[in-house]
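Just below is one structure, and these are the notes that go with it.
Every chain is named by a letter (A, B, C, D, E and F) in the order it is written, and numbering of its residues begins at 1.
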Amino acid sequence: MDIVPEITRRSITRLINDGKRSDGRAFDERRDIFIEPNVIEKAEGSARVKLGDTQVIVGVKPTIGEPFCDTPNLGVLMTNCELLPMAAPGFEPGPPSPESIELARVVDRGIRESELVDLEKLCIEEGKKVWMLFIDLHVIDYDGNLFDASNLAVMAALMNTKLPVAEYVDDEVVLSENETMDLPVRDKLALSTFVKIGNGLVLDPSLEEEEILDARITIGVTDEGNHICSMQKGGEAPLTRDEILDAVHMAFTTKDDLLSYLD
Amino acid sequence: MDIVPEITRRSITRLINDGKRSDGRAFDERRDIFIEPNVIEKAEGSARVKLGDTQVIVGVKPTIGEPFCDTPNLGVLMTNCELLPMAAPGFEPGPPSPESIELARVVDRGIRESELVDLEKLCIEEGKKVWMLFIDLHVIDYDGNLFDASNLAVMAALMNTKLPVAEYVDDEVVLSENETMDLPVRDKLALSTFVKIGNGLVLDPSLEEEEILDARITIGVTDEGNHICSMQKGGEAPLTRDEILDAVHMAFTTKDDLLSYLD
Amino acid sequence: MDIVPEITRRSITRLINDGKRSDGRAFDERRDIFIEPNVIEKAEGSARVKLGDTQVIVGVKPTIGEPFCDTPNLGVLMTNCELLPMAAPGFEPGPPSPESIELARVVDRGIRESELVDLEKLCIEEGKKVWMLFIDLHVIDYDGNLFDASNLAVMAALMNTKLPVAEYVDDEVVLSENETMDLPVRDKLALSTFVKIGNGLVLDPSLEEEEILDARITIGVTDEGNHICSMQKGGEAPLTRDEILDAVHMAFTTKDDLLSYLD
Amino acid sequence: MSNDKELRADGRAYDELRPIKIEAGVLKRADGSAYLEVGGNKILASVYGPRESYIRRLLKPNTGVIRVRYNMAPFSVDDRKRPGPDRRSTEISKIAADALRPALMLESFPRSMVDVSIEIIEAEGGTRCAGITAAAVALADAGIPMKDIVVGCAAGKVNDQIVVDLSEKEDKEGQADVPIAIMPRTGEITLLQADGNLTEEEFEEALDLAIEGCKKISELQHEALKARYSSE
Amino acid sequence: MSNDKELRADGRAYDELRPIKIEAGVLKRADGSAYLEVGGNKILASVYGPRESYIRRLLKPNTGVIRVRYNMAPFSVDDRKRPGPDRRSTEISKIAADALRPALMLESFPRSMVDVSIEIIEAEGGTRCAGITAAAVALADAGIPMKDIVVGCAAGKVNDQIVVDLSEKEDKEGQADVPIAIMPRTGEITLLQADGNLTEEEFEEALDLAIEGCKKISELQHEALKARYSSE
Amino acid sequence: MSNDKELRADGRAYDELRPIKIEAGVLKRADGSAYLEVGGNKILASVYGPRESYIRRLLKPNTGVIRVRYNMAPFSVDDRKRPGPDRRSTEISKIAADALRPALMLESFPRSMVDVSIEIIEAEGGTRCAGITAAAVALADAGIPMKDIVVGCAAGKVNDQIVVDLSEKEDKEGQADVPIAIMPRTGEITLLQADGNLTEEEFEEALDLAIEGCKKISELQHEALKARYSSE
């Protein structure tokens, strides 16, 4: 990514060591959140999310396919992510970068491991036909913390996704023309990313903070389940056991506030 | 492409501003045209075309496949173009360049929009099986104006394409071993490319002219229909409304002469 | 590949012109051979081979598929080769290099042309289902002569490959859960690679010898059949007719010793 | 001839554009950006540059160059589109660069590149013209020196009538489509394609109608830029 | 709570590792290498460097960099894997580099690259941790300056019990998996992932169990390196 | 043994070549070119260079290098071939470069590249040998310094008989195929492959027959070049 002047690094770090952030936020305070659901009429589910100035659009498109052999009665979710060249000066067109793959897979693991979509209800005919959902993540403005912004946008898009009612008749799937069903979303996931800078662990890093991070940790916690369901460390510095446990604890305490934006 | 000495650019432009071309042709005069049909025995249709020193070989290969959902009773045409490394010093092997894709798509649109092939006659069994034709354009020597040379070669190849007679019996396609049918070609397309250099608009640009062009315009006109069916502007300079209308008019007036080579 | 100091080239060449090799071997002497069969429990056949310090692992994985149209009663073999980045400083990750493709194809041609696997016995139901075998060659340490090492590993892996007994019942393939059959291997192939350095032709080139080779020749000879079944010349220098016939002769005379390692 | 034209399927007159909304400066990171809605189309355009590029072979010693990437989001169309460039988007990227280039004054930026992204968030007919229109606003927002703000619009033939700004439905069922882009000050044409079936006269009529459409849209571009400057 | 834990399906206690074998220096060409078996996993790791690289954009002016390639052999799993990187291996390569980096002292090797290959010859659960463990031994074998030898191990939840070092079967049927890597001298954590379903308390238990597992494996790494040095 | 050989399916004697036609200098842009027909094969070869190349890693400091691209047109075979290189054409490109290289004197062109294209317009058995033969003529036409003009020809076993220059049908139904290329002045062999089933004696017979075939074709190469020079 971009090279940050050493002086910026020092001043941000000094502030954090003094218990302050350069934009005045508390360590466990997120930036402003704005969620616009149903932004794409041609998508069965969609949302645009602004987290500070980071912007992500998510569209959900269903298709009908065959289930995997080992899960004949479950629908399928596929998460794909595009770090668009418009989102940052360093994002190049071309095959997905490791960063983009990591983002897609962390978001995907959150949805999958939390079991928040009831995949059994996406089965049309066991062993024959199931709904397959493409969840496409379009990052249009990168101003820090793509993980949390993307997860919020995916949550919002899944919650407004509607599928046509499908029936399996004479070896073929017949779709209802006017009846739809809501996507069976039975839980919500709060994804919280912290970065370690100096001696501090701060929630929802801004771009400035991400550019100088020592280590990063992302924690997924379910709303109903109240469980940890995913976690991902990043960055070239280590974290201590206690820093990790602190981050986990903050992920639980800040969860309700975050998820209130989805109501 | 190649860099042209400024002096060449000036001398060609000066000539054109004086109403002359460096090779002595009139503004609306094409280079010599030579068409050799049926050059590939293993192809169901083929032709080699020389337009000046530009050379293109086209082969047509049919295969049987399923029609598209929204056109269950129509055959399918696919046009592909290879700017072979042998054709010019700057043509590199590898995935198709934007130039090669533009060429294939302009030629393809001409065939498609003119509806010169009766696609309904390429239907073997509605919704089940249709003929799919691969039209492969092989550019072997690039000396200017690939658009018109390629279109001529495609016309000639389509006009000599023969398909085995196909029948649909018991859910399978049976091909006759000796009976063939001519590809149902019901019209011809004249594709005319002009370039603007200085104040002039000249037909069938040579390589020298293409290398210094300000703007390019390609116009497709049908023979029977006598309609405009495709158009493509190129180049980094604009064209005025009147220049475009002039080019269109010349495309109509020079059409018969061009198509006479296909008889 | 690597650049070899001119002085090394001269000293190796001088030795060979004097009838000696830098590691003391005779011209028709191979390095130590070590074969460990069945190294991968999850593969249906496998082997690790060390030829000197060159190391190759081969795994055989079967799948069930449709036969080719022109051979409806034959199983299918597919040979793939990975020159792993760990095997040599110059091996880069990415799409297969020409060297890797040549290696895979030479090994593949040996197996195929010798007809050592009875492909008819890999047919489950004619025209419907056959066994398809992926033979994956994993080069992990490159110290010269990948051809012969790879072929030995493939031979050893094929000879210990076991397939579940398959039956075709009601349009479906049913696999036995405990009964297996040995892969029908009815011959063995000895692959012998020689390089020409100076005036000499030496068997089983070490890395040092390969790096300065003038020409290379690989010869495949069948054990039972006692026939030449494949041959491949490489390198930028020519070979004389007599050098080739000498190499062929040596391939026959050293065959039994080589194949004894497979017993 | 155009006096007694019938209303179209969506109730528009033959020379009536779909509702348009243009906003400049919608992204933080990009040097310039614009958002455009026309009919059901939703389009974002961004500009980075002039800047260095590691793709040296694209640069020119005597001028800056423009590179355009037209891309459709997977969810922008009824059947999900596979991510990444296809042949259609490669062609549109190329002609969009040609369409925007004549207005740019990049001579003072040798060996540099201007990167334009046109992102189709939702598609409903006429995305290439709308994309060029949005990109021109983003270029202005980025402060790239320009002699004019390029603007695009299509005309075509539907039910034997020449009409402006075809909707997706009209494009699919219509007889011809002529997308163009112009530099409105001089009226010069920087993009021109045609497909379908037009007589020489019909083509002239379509061309003039598209030029008129461009001029109307041009006003909205300027308003959007004015709103952007006044908000700063 | 962990006093009355049941034995696991394969007979191990909750805090018992699978049998492990580590060997250093197993390849001739590589600058450093290691072979590791744990349970049914068979893993090779190699190191080249620090060396120049023609991929200039990856290099840094003030330090050496590490590049990791995690790869599964086509024959390493039940259903043949297509050769070449997939999304999973790309992610693991990235986090494995992050996991190994903190221990390396590459400041004296600016503009150079250390290339690590982790090759999964046979996979039976926990390949990323085992691969990192093997790679750290290969790095030491290559003589790369390091402040510690990173070591990886997972813990997880199976049948509502927190257990260490999940087998393939446990991973598939279990309720959670927490792979980590640490620098054993300080106990600092350089890799951490989690998936499944854990309460805050269960997570803490798993984390501590995985740290214990790492420390046991660390001893075997040192023995392998001692054996390598003494054999030279 | 070869005295009482039978005529072949297409009426040729065991040592009879298919009809051949060679023409030099058939393309305008290429520095050198050739067209060759043998049996049903139609082949174009072109040469550019010696010239600079942006693919620096292929260049050598002390000599020029040759790069060969063997390619089959999609329409050259019965079932359309997908465009672009496949494994077979990659291998043939590599060995064709090795086959042509020994005759070239590129020492005076360090850091430069000679690019050879072999384009199979129509294929009917023996394209690699015919392609090398055509490429050698194109290299001469381009004025590349050479000590000899390489020429290729195959021999093989069909119906238990050793025969020269197999047709497509013979290649498919035959028992062995031995394509070679030689430098005719010295008789040295620059390309050699074999597949099928041959005794040591049969191989020797095939090798000698292929060498004889090469020598006959060599004369036609020289005639084509003479015709080219005299026409200039």
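Basically, a contact is a pair of C-beta atoms (placed from the backbone, for glycine too) under 8 Å apart; a residue touches a chain by one contact, two chains touch by 3 or more.
All of these numbers come straight from a predicted model, not from anything done at the bench.
Asks: So which chains are sitting against subunit B and subunit F at once?
Replies: Both-contact set = empty.
Asks: Can you give the shortest number of steps from subunit A to subunit B, where adjacent chains in the path must touch?
Replies: 2
Asks: Which chains does subunit B share as contact partners with subunit E?
Replies: Per touch definition, common to subunit B and subunit E: zero chains.
Asks: By mean C-alpha position, what chain is farthest away from subunit C?
Replies: Chain centre farthest from subunit C's centre: D.
Asks: I'd like the Å distance between the centres of subunit B and subunit C, where a centre is the mean of that chain's Cα atoms.
Replies: 48
Asks: Centre to centre, by mean C-alpha position, how many angstrom separate subunit A and subunit E?
Replies: 27
Asks: Where the centres are mean C-alpha positions, what is the separation of subunit D from subunit E, in Å?
Replies: Chain centres of subunit D and subunit E, defined by C-alpha means, are spaced 52 Å apart.
Asks: Could you list which residues of subunit B touch at least two other chains?
Replies: none
Asks: Subunit F: which residues touch two or more other chains?
Replies: Residues of subunit F touching two or more partner chains: there are none.
Asks: Chain adjacency by touch: line, ring, star, complete or other shape?
Replies: Topology of touching chains reads as a ring, each chain with two neighbours.
Asks: Just walk me round the ring: subunit B, then subunit F, then whatever comes after, in order.
Replies: Result for the ring walk from subunit B toward subunit F: B, F, C, E, A, D.
Asks: Using the touch definition up top, name the residues of subunit B that touch subunit D in the complex.
Replies: Against subunit D, the touching part of subunit B is residues 96, 98-99, 101-102, 104-105, 109, 112-113, 217, 225-241, 244-245, 248-249, 252.
Asks: Within the complex, which stretch of subunit D touches subunit B?
Replies: Answer in residue numbers: 87-88, 90-91, 93-95, 98, 101-102, 178, 182-183, 186-200, 203-204, 207-208, 211.
Asks: Given the complex with subunit F, which residues does subunit B contribute to the contact?
Replies: So the residues of subunit B touching subunit F come out as 39-43, 46, 53, 55, 57, 59-61, 63, 80, 82, 84-89, 93, 95, 134, 136, 138, 140-143.
Asks: Would you tell me which residues of subunit D are touching subunit A in their complex?
Replies: 27-30, 33, 40, 42, 44-46, 48, 51, 69, 71, 73-80, 83-85, 115, 117, 119, 121-123
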